[in-house]
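Presented below are the structures under discussion, each in the form of structure tokens.
One chain, chain A, links the two complexes that follow: it is found with chain B in the first and with chain C in the second.
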Partner chain A sequence: MQGLNAWLWQRLSGTYLAIFIFYLVFYILFNFPLSFSQWLAWVASPINRIAIGLFFLSLFFHAWIGGRDVILDYIHPPAWRFFSLVVLAISLLAMALWAMQILFWAYAVQGMIQWQ
Partner chain B sequence: MNIQFSIYRYHPDKSQSPYMQRFELANSKSDLMLLDALLLLKEKEESLTFRRSCGEGVCGSDAMNINGRNGLPCITPISELTQPIELRPLPGLEVIRDLVVDMRLFYQQYRIAKPYLIRQDPDPEIEYKQSPKQREKLDGLYECILCACCSTACPSFWWNPDKFLGPAALLQSYRFLADSRDQATEERLAELNHPYKVFRCHTIMNCMDVCPKNLNPSKAISKIKQLMLEHAI
Partner chain C sequence: MYPKKRPKYLNLFYLLQHMPMMAIVSIAHRVSGVLLFFSLPWLLYWFHLSLQGPDSYQQVLDWCDSIWFKGFALVFAWSLSHHFLAGIRYLLLDIDIGIEHKVAKQTAITVSISAVLIAGMIFLGTALL
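Here is the complex of A and B:
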């Protein structure tokens, strides 16, 4: 993805990130103080699970395009550029997997609580 | 009035690193433009080298970095400047001598923007017609004098002057995209949809800040992106 597409997706994902952060902050403010079980239930509810999943997808996508832009601007020797892109991709992927693991864990714990 | 200067000096044949040289112009008038003062200085120090031609902000050949800001000395009054007046060549381009830079990269990017009308239809017998409304769209675009103040103030151009077109060339790109007589909109947009040519612009806006003709290349660049989007959908 490059040129107009990268630029457009950067803006779309950025917009979603802003909207989701507002949603999250308002939820926390209006339900303050939040207990752990309340928070867990919120995270595990189907709509929020989709919203949070989309948030992390947008976040890593946004970070990939933005990080790649910085590398394209500043790092010119091909070997260094390739190396930094690989490091960026691997670290973003690792964080994405980690985020997914946490979300699945929250869902599983919530399921166990309901089952009990 | 005494005018103090600190001017960037570099002479490649003398194999010396660049250095800043102090000058003083004694008993000069206070309503001078900076270029007038430089010409007086050159009478005393003949080796001082800079470009200039029209002397009234029309040709754009005397662009330089004045107290850290790109501008045209011919339309910059001495009275507005803090002293010593620090003069350096335009940043980001190779220095040929003193305040003269190699503008080849700048012109190369201008050439890539294809700054001329492209027509598929045969030329009209008498003249191209354009309504006043269509002509209005070129205001703020055609006035560019190619002084390079904007492109050499642009960090994106400093980083990738060989691949990123830079604000001056992109302003011209949009000038021909906006022209009702031009018939190559699709081809122009397809060429610009490239990781470097337009999209290295991060809306830093140094270009519109320094433009001595008060033009806004930033706005033209965002119009190009908008146009691309409209054509992509």
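Here is the complex of A and C:
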């Protein structure tokens, strides 16, 4: 992802992140989940679990483009540059997988509770 | 025309003192982005724990009382609010809104002060809870 593509995707993901964070702040301020079951039900509800999944994808993508720009600007020796880009990519991919696992877990637990 | 004096020396401290507000917002946008990146594992860990069960959910809420969390909340609140507000400013600049020098300077000052105020409000909010 380079040039105009990266520039455009950084803005699209940033826009989605801003909208989602606005939504999340409203939820926390005006409808704070006082119990685990309320929180789980909110996260696992059909619209929110997709919105949160999209949020995480946008977030890690946004962090990849931004982090890559920072590394390319400040780390010049090729070996160090390559190493830091690899560390950035692997850590973001690992965190993205973790985030998806958390969401699937929440969906599964909510499903078990409703099934019982 | 008198001959130009060469070589020309730029005083770094003079440049720093006379740095435009827009440049400060730009640098802070980078710094806050890097800080947000390093806060991601902790946030994911708390998100993970909060959904494991009622006990771990309560544990995450209890951690909010610790001094470590309040320090984290202060840095995180500034990073997020600055990155958020400066990001919206850049999106508007991209579509030529607020592009004039005078307006761009005003919005840069507004973004910087608002981010500090929001961080202070969130910090006080968590400190009083």
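What we mean here is this: the second predicted complex is superposed on the first by the 115 of 116 C-alpha atoms of A that agree within 3 Å, B and C clash if a C-alpha of one lies under 4 Å from a C-alpha of the other, contacts with A are read in each partner's own complex, and residues count from 1 in each chain.
Please note the rule applied: contacts are C-beta pairs under 8 Å (C-beta built on N, C-alpha and C of every residue); 3 or more make two chains touch, one makes a residue touch a chain.
Quantities reported herein were computed from a predicted structural model and do not represent experimental measurements.
Novice: Record, for the superposition on chain A, whether partners chain B and chain C clash or fit.
Specialist: Overlaying the two structures gives a clash between chain B and chain C.
Novice: Return the chain, chain B or chain C, that is in touch with more residues of chain A.
Specialist: Partner with more touched residues of chain A: C.
Novice: Please work out whether A:L72 is in contact with chain B alone, chain C alone, both, or neither, and reply first, second, both or neither.
Specialist: Touch partner of A:L72: chain B, not chain C.
Novice: Just checking: does A:Y27 make contact with chain B only, chain C only, both, or neither of them? Give me first, second, both or neither.
Specialist: In the superposition, A:Y27 touches no partner, neither chain B nor chain C.
Novice: A:A63 contacts which: chain B (first), chain C (second), both, neither?
Specialist: A:A63: touches chain C, not chain B.
Novice: Please work out whether A:G3 is in contact with chain B alone, chain C alone, both, or neither, and reply first, second, both or neither.
Specialist: After superposition on chain A, A:G3 lies in contact with chain B alone.
Novice: According to the stated criteria, A:V109 is in contact with first (chain B), second (chain C), both, or neither; which is it?
Specialist: The answer is second: A:V109 touches chain C but not chain B.
Novice: Chain A residues touched by both chain B and chain C?
Specialist: none
Novice: So in the complex, the part of chain A that touches chain B is made up of which residues?
Specialist: On the chain A side, the touching residues are 2-4, 6-8, 69, 72-74.
Novice: In the complex of these two chains, what residues of chain B are touching chain A?
Specialist: Where chain B meets chain A, its residues are 156, 159-160, 193-196, 198-200, 202, 225, 228-229, 232.
Novice: How about chain C: which of its residues touch chain A in the complex?
Specialist: Interface residues on the chain C side: 30, 33-34, 36-37, 40-41, 44, 47-48, 50-54, 57-58, 80, 84, 87-88, 91, 94.
Novice: Within the complex, which stretch of chain A touches chain C?
Specialist: 11, 14-15, 18, 21, 35-37, 39-40, 43, 59, 63, 66-67, 70, 95, 98-99, 102, 105-106, 109
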